[in-house]
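Common to both upcoming complexes is subunit A, partnered first by subunit B, then by subunit C.
Right, the complex of A and B next:
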């Protein structure tokens, strides 16, 4: 390697920002095509019903309205394939057939010249629904004789994965057992931009603009569902206003709108409104973990066992419906040396909005349970809550460490990050106690938790894609500028900037010579998209290999032009030079001109062109768990320690965030500002889920959280100042050692805030906090009645 | 059920948008946001909720921050309307936009025009410290940044030490 200055770790401006700041970005809702019509969906007002009939009613009185279109009209549409042979087949169909299983399920679609009229037309449809008994809780769904959501099934279980590991059970003989039932409530990603789909069918080709996180997967799914080959379909991802996982599902509207464009021969646009978003974009979490630990007298955990039960809602979410529950059991021991586990899962269908992916993806649920149990064991044994963690944490000497869930932890700073967090937190608590000390009704507390996060996970058996790879192609134009196209795509995290930096690093070109292309299936190689904190990892892996190949060729050309030996050529600052003789240098433009235009200048045996492609499949990933649920399902593992400092008003139960401390290790940091932004943004979302956000249903399954007036997102006054402490343990097997930072921040706040609230109220005889969100009424209910 | 009559009643309006006079005949129920976005193609104004909570649609009407999802286009008749396109210099960025860029005050950028317009319509002196800045910003939701970069940007642009 050369000693030239590196771009890695440098704080540089994002290339996305100018267009976003000036109103020049183009989101799905900004797309307008000649002759375009707009669509609106008629959605089920009932949680569970049989569809008797859909008639036009007075809808066609609306000028320019077409429709209604229903499942019965979609005779040329195939249901989604059911890939996972272990789960019950659902056969997702874009519009409801025969019955609806959640309020918000799309039944029919109307089209008109604008959205106002399309919505008017929907309001005037004559839809006859025959109500069925709703199934609203997992207990009700599992009760004998419960109404069945899917009449062909014997019960309401989508997938069951019982685990009974005798090694774990043996650890419970003669040891103290600590147990609890920990529940993370139903909430979800809620990006500020809702979903949107625009489709046009022209000259035998379908073009779909969709706010998806995985354009290539969307194209493949479209060709499963529509009578078109993949090369008849182009999926383009415009600017996306946040994804957070909820846009990494393939939704019914992504088939229906393209199907309408085919059927009508006109471009069709559908932009989800916020009410639809809260009803029809995937929900998440809603998981209860019954967990029991066998603990030695000195506080060392020997085994955990139990069961994760997820209220999945209707099972109509592809691909990630129940996958987060698997990820939860894969992370249940966190960064602790717990030799054995025996944790199964049950994903249960109910008449609620289907659950799917949301940042954190099962790990917040697992972390909430194990961290709460650690606190409980510490209190029971009279060991400090920090001390018990110290006794169980993985240390450097343990690495590589295989957790009892099968995760191979290849690197990390588990103890170092923890100790630093403990130290800083103690100082901050002292500060806040001094600031707030006078008011006896306001009490200050803190809690520290730890976790690991598997990043770049397998695309898992649930999806039919047994892989974790991604792809990249790099091309140098005759003028020396580079075009990099990748299979991942961005939803606002800054991937364009990240790839610009890495390309400049790899080729020795300037950042302003790099153009990144993503989110267009016609212009990028096949890839799995952006989710699972994978993009930095896999796209950088593929980029590294492709750019090494390209650089090797460029070096040969440069050596020939300079009459030097290829071994002596190095690339930096937009040029290729002979090491040690600065005058002997050719620009990328000269090299690329020889390769692309003046091939007479090429050395013998070198083919024209300056382009290379590569894929990168991270090593060591397993795709299917063994009978005890063990699987190394991710490429590598990040770690972090989080601490919440809160005050609690003992009169009102109100929890106020005072400060938040994160020690975070995602391996090599490419752009510190972007990594910090991901961490802080993730923590903010985690605080929302821990304190505020909840998707409520009434006892009949009617959704109660259908606007921002009753689904409360945290604002600027509810998110505290954060301290972010960076640790860097590069992933040994990854190019550049970068691990991925997208999801981590959201994992810690639930258990950290729960512990902090308990700490603030210590000595008052409060009951254990076992669920989120930790609302003021919930806090009050924990206090002993005076 | 009788069909709702299409409220096709249209009204001629005239307003100044980003310094340019605009004359249009608009459907009386059309939102100002939709007039700006769909008819004038000023798509920098975004819609995040359409019920007045998120602030993504904020524009200036006669210099005051207004939620364009809560205002009918006809109500803006005779007014001066300014959108994010209107506060962006021909070359480069305004000092506040530059501060957002310098302090990572945006990720996906969907909420950003709304924040910028809220800030464009207030007097910095009315928001002297971090707490009051946070209170000012509490009417705009951002799901990506956790507000840190946004608060940093405002404090820097308004020359406040933290």
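Right, the complex of A and C next:
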């Protein structure tokens, strides 16, 4: 029994937009409780220091101020468990104990009646820090005799994963080797809404409102850290103004604020300001990939080998900050037939803000390296940059294709998307060369790149938890409306709409009969949250199973009411009808009434109620890499080809984005508007990382990008016209054939723009572009001095 | 990012402003559009005891023409100047430079005089004042004085203003016969400039350069005139060779001290040369 596919792929408005776009949303900062106080953190001004003492100073002269509270007061708090036995234990504690390892680390917290006074009080604290030598780069951290961030360790390495694969090494015998050192800058997600936590402890129960991407994981972590059972904790996710991965970390403030609520017996609110956000929300990327390829004379890649070195910052971040580096080596060959790889990683602690998750999660880094190396090999061999890709790309005949990283590419349009992108890009370059051709100082160029992206991944590499599942519960009310509650939660990306559509599809109810419940541990089944481009797949997998169970029961009830056979019942448009007899029909309201409040109408043997729950573990996922780093860590793989068309001002080095082309394949498209929005938004963020965004530190470890004056996000004026071409290669093993679309857009811009800038400057003797962001000074430094 | 406590006063006369400045000396700050001062307060980088808001002072709200030039009072917004037809006629360089100042929302509140008094080394308007030979009218409880633009900017965020003084207006001489241009390099639309140049040029009947003034901004600690370049170009026809020389001398003489996360001094000097070349070429065309 399947419902008619009436909703998949339909152009429909997002159900959450009324609320989000008209001021009706309620964010953490909108929550105000009786008797609530506000908190402000005293954060380390030094990158590396021993904490000698924290005194109140004159802080308590501020009216209504309490504190300071420090790690020493948190005697009933446990550090985060260290879940990964392969990594050195960091033992994260909510407020710094004995030592601070990055500027911005929370040392103490003050509360007052409002944030102004709480900050005034922090200003007056008497904090005595004894500076220690800072470690600012991975080279410095790895140097013999380097100062240690964790004095019990022999060095500053958090985790090392050396790989030496003899099959890969053998490919280098007698072949041309092409190598490079590729560096993706330090940047981060910067959602429009910063983080926020509100906590209240009443009648023995703690309620925490947090702008997190994983409420259930947050509750579990809270129960590890606080002297409370999970039953005594409720985590609620209010409306969230963007996450992009940075809210899929469990932060010190998420323990400290609830602890304060317990300690003070008053509700406590903390809303991160933008300066804190740039200091204390996780940073990302900051990965260097040394990569070497063995290449045949005809341009075919035979093997890649090298090392990824991740600057983790202070390493005090959970889920692990080194997980993106593992994902990078898992994607290092992209969609290319490269039989062998031998790429290891090293994650190193430095005195900078800890790194964590950000949209793309290692794949932008891997794609930057392999695509740059592809361009370099093409140039070296005198093969066109598109042609060399054509010779290496996997095609339909290769699928399912197991990459040398162990990823099982289940489906895709790798060659088709690429050729279409090449075709469209050539037209657009011709257009722009004609438009701008009369200025000899302005040169136009383009670059086309490809990638695959594992979506719906294991949680093991990120958290140490051996799982990838999620959950769903569906209930039909007596009036025929359906309530769907899921373990994933939303940050504004459209999950309510996706689940509304899929529920309507699965049950045959109308979209306006569906209500989606997310982000409340008391009202939803346990789940792992929203990250890894997984939410649609895992939630819909569980939804599919639950709704099939529920529909089977509803069908039996409808058949009984209609005196028909269950095999002849089909559900659509809010009704259950006898196939071929349009008049013979009952509404979901009639069925649900029978199930809930008129059970005398139920057929014999059918239990009352109309509700089903299910969990879904995506098939085929492996959790742990083998000794060569091979692991099929994701349930399915998207693909895309990206092209940037840019102009470069040769007198100033300024790069202008002229146009961007994406051919994107995330399997079955459930909601075209949402997929397009995800792709366009991802590309915009990717352009930011490629051209503008960098979290700078000076040579002593002092952060230099602590406001939007110095951290440059792209604005509307920096984002060009985009063409988004959709390909649909359904994932064979996924419910509805869909693949995640949340992260893909951000992966391509770095290497596409780098290639486009090189292309624009071809013939000018420009050296290879090996790092992002590609700023005007960087570009000009590649050009000959006048 | 909340400001420390401060007192706030909004006098309705210039005398009231001057009295508050005299009473509080260095502890008072004048608040005009607040586009620079308010962020400094929120970062607790500025901690004045008292803010003196001049929004209600009628005597500072004038945008008038006198002796063929402009008088711009301290509370006149950048947007008002940007959209004024009189300004475009008398001082087109101001009209050209203002769209580069922040974003429209900033210019709707920010003031021309406030930007000049703030003396951010990467701001456009101090360089425009320098190139146009503007005069600062400064007042305190003890009287008036006039300061030419060339003597006004002493260092980054530092001017010849005394703590008890207010810059009541800036006078721009009108030179509608000159050609003007302004160009800058900024990471994004609306950002402070990494490097920029404002210029004014008149030509003789034969097309040769008669008189030229050029000022860099964003490159060094204060807006910088380029006397060697100006002398070189005077009397010359603008040829590719002259433009190369103009760029070379600019690179060599730019006091390129500014270094931040966006660019080093070498980039600023190199781009300053390129921008001066483009500005001179455009003005001579």
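Observations, loosely collected:
In this text, the second predicted complex is superposed on the first by the 777 of 786 C-alpha atoms of A that agree within 3 Å, B and C clash if a C-alpha of one lies under 4 Å from a C-alpha of the other, contacts with A are read in each partner's own complex, and residues count from 1 in each chain.
We take it that a contact is a pair of C-beta atoms (placed from the backbone, for glycine too) under 8 Å apart; a residue touches a chain by one contact, two chains touch by 3 or more.
Predicted model only: the values in this text are computed from it and were never measured.
In the superposition on chain A, no contact is made by A:302 with either subunit B or subunit C.
Legend: residue contacts after superposition of the two complexes on their common chain; A:43 is shown touching neither subunit B nor subunit C.
Contacts of A:116 after superposition on the shared chain: both subunit B and subunit C are touched.
In the overlay built on the shared chain, the residue A:694 is in contact with subunit C alone; subunit B does not reach it.
Of the two partner chains placed by the overlay, only subunit C lies in contact with A:654; subunit B stays clear of it. In the superposed model, A:715 lies in contact with both subunit B and subunit C. Contacts of A:24 after superposition on the shared chain: subunit B is touched, whereas subunit C is not. When the two complexes are overlaid on their common chain A, residue A:242 makes contact with subunit B while staying clear of subunit C. Annotation for subunit A, partner touching more residues between subunit B and subunit C: B.
Contacts of A:195 after superposition on the shared chain: neither subunit B nor subunit C is touched.
Within subunit A, the residues touching subunit B in one complex and subunit C in the other are 116, 120, 123, 273-274, 707, 709, 715, 717.
Of all residues in subunit B, only 1-4, 6, 8, 27, 29-30, 37-38, 41-51, 53-54, 56, 83-85, 88, 93, 97, 100-102, 104, 106-113, 116, 133-135, 137-151 touch subunit A in the complex they form. The touching residues of subunit A, counted against subunit B in their complex, run 13-14, 16-27, 29-30, 32, 57-58, 61-63, 114, 116-117, 120, 123-124, 126, 189-194, 239-242, 244, 273-274, 491-494, 673-674, 676-677, 680-685, 707-709, 713, 715-717, 719, 721-722. The residues of subunit C lying in touch with subunit A in their complex are 1-5, 39, 43-44, 185, 187-192, 194, 247-248, 251, 260-264, 267, 270-271, 273-275, 277-278. Within the complex, the subunit A residues that touch subunit C are 115-116, 119-120, 123, 273-275, 651-654, 692, 694, 696, 704-705, 707, 709-710, 712, 714-715, 717-718, 775-777, 780-781, 785-786.
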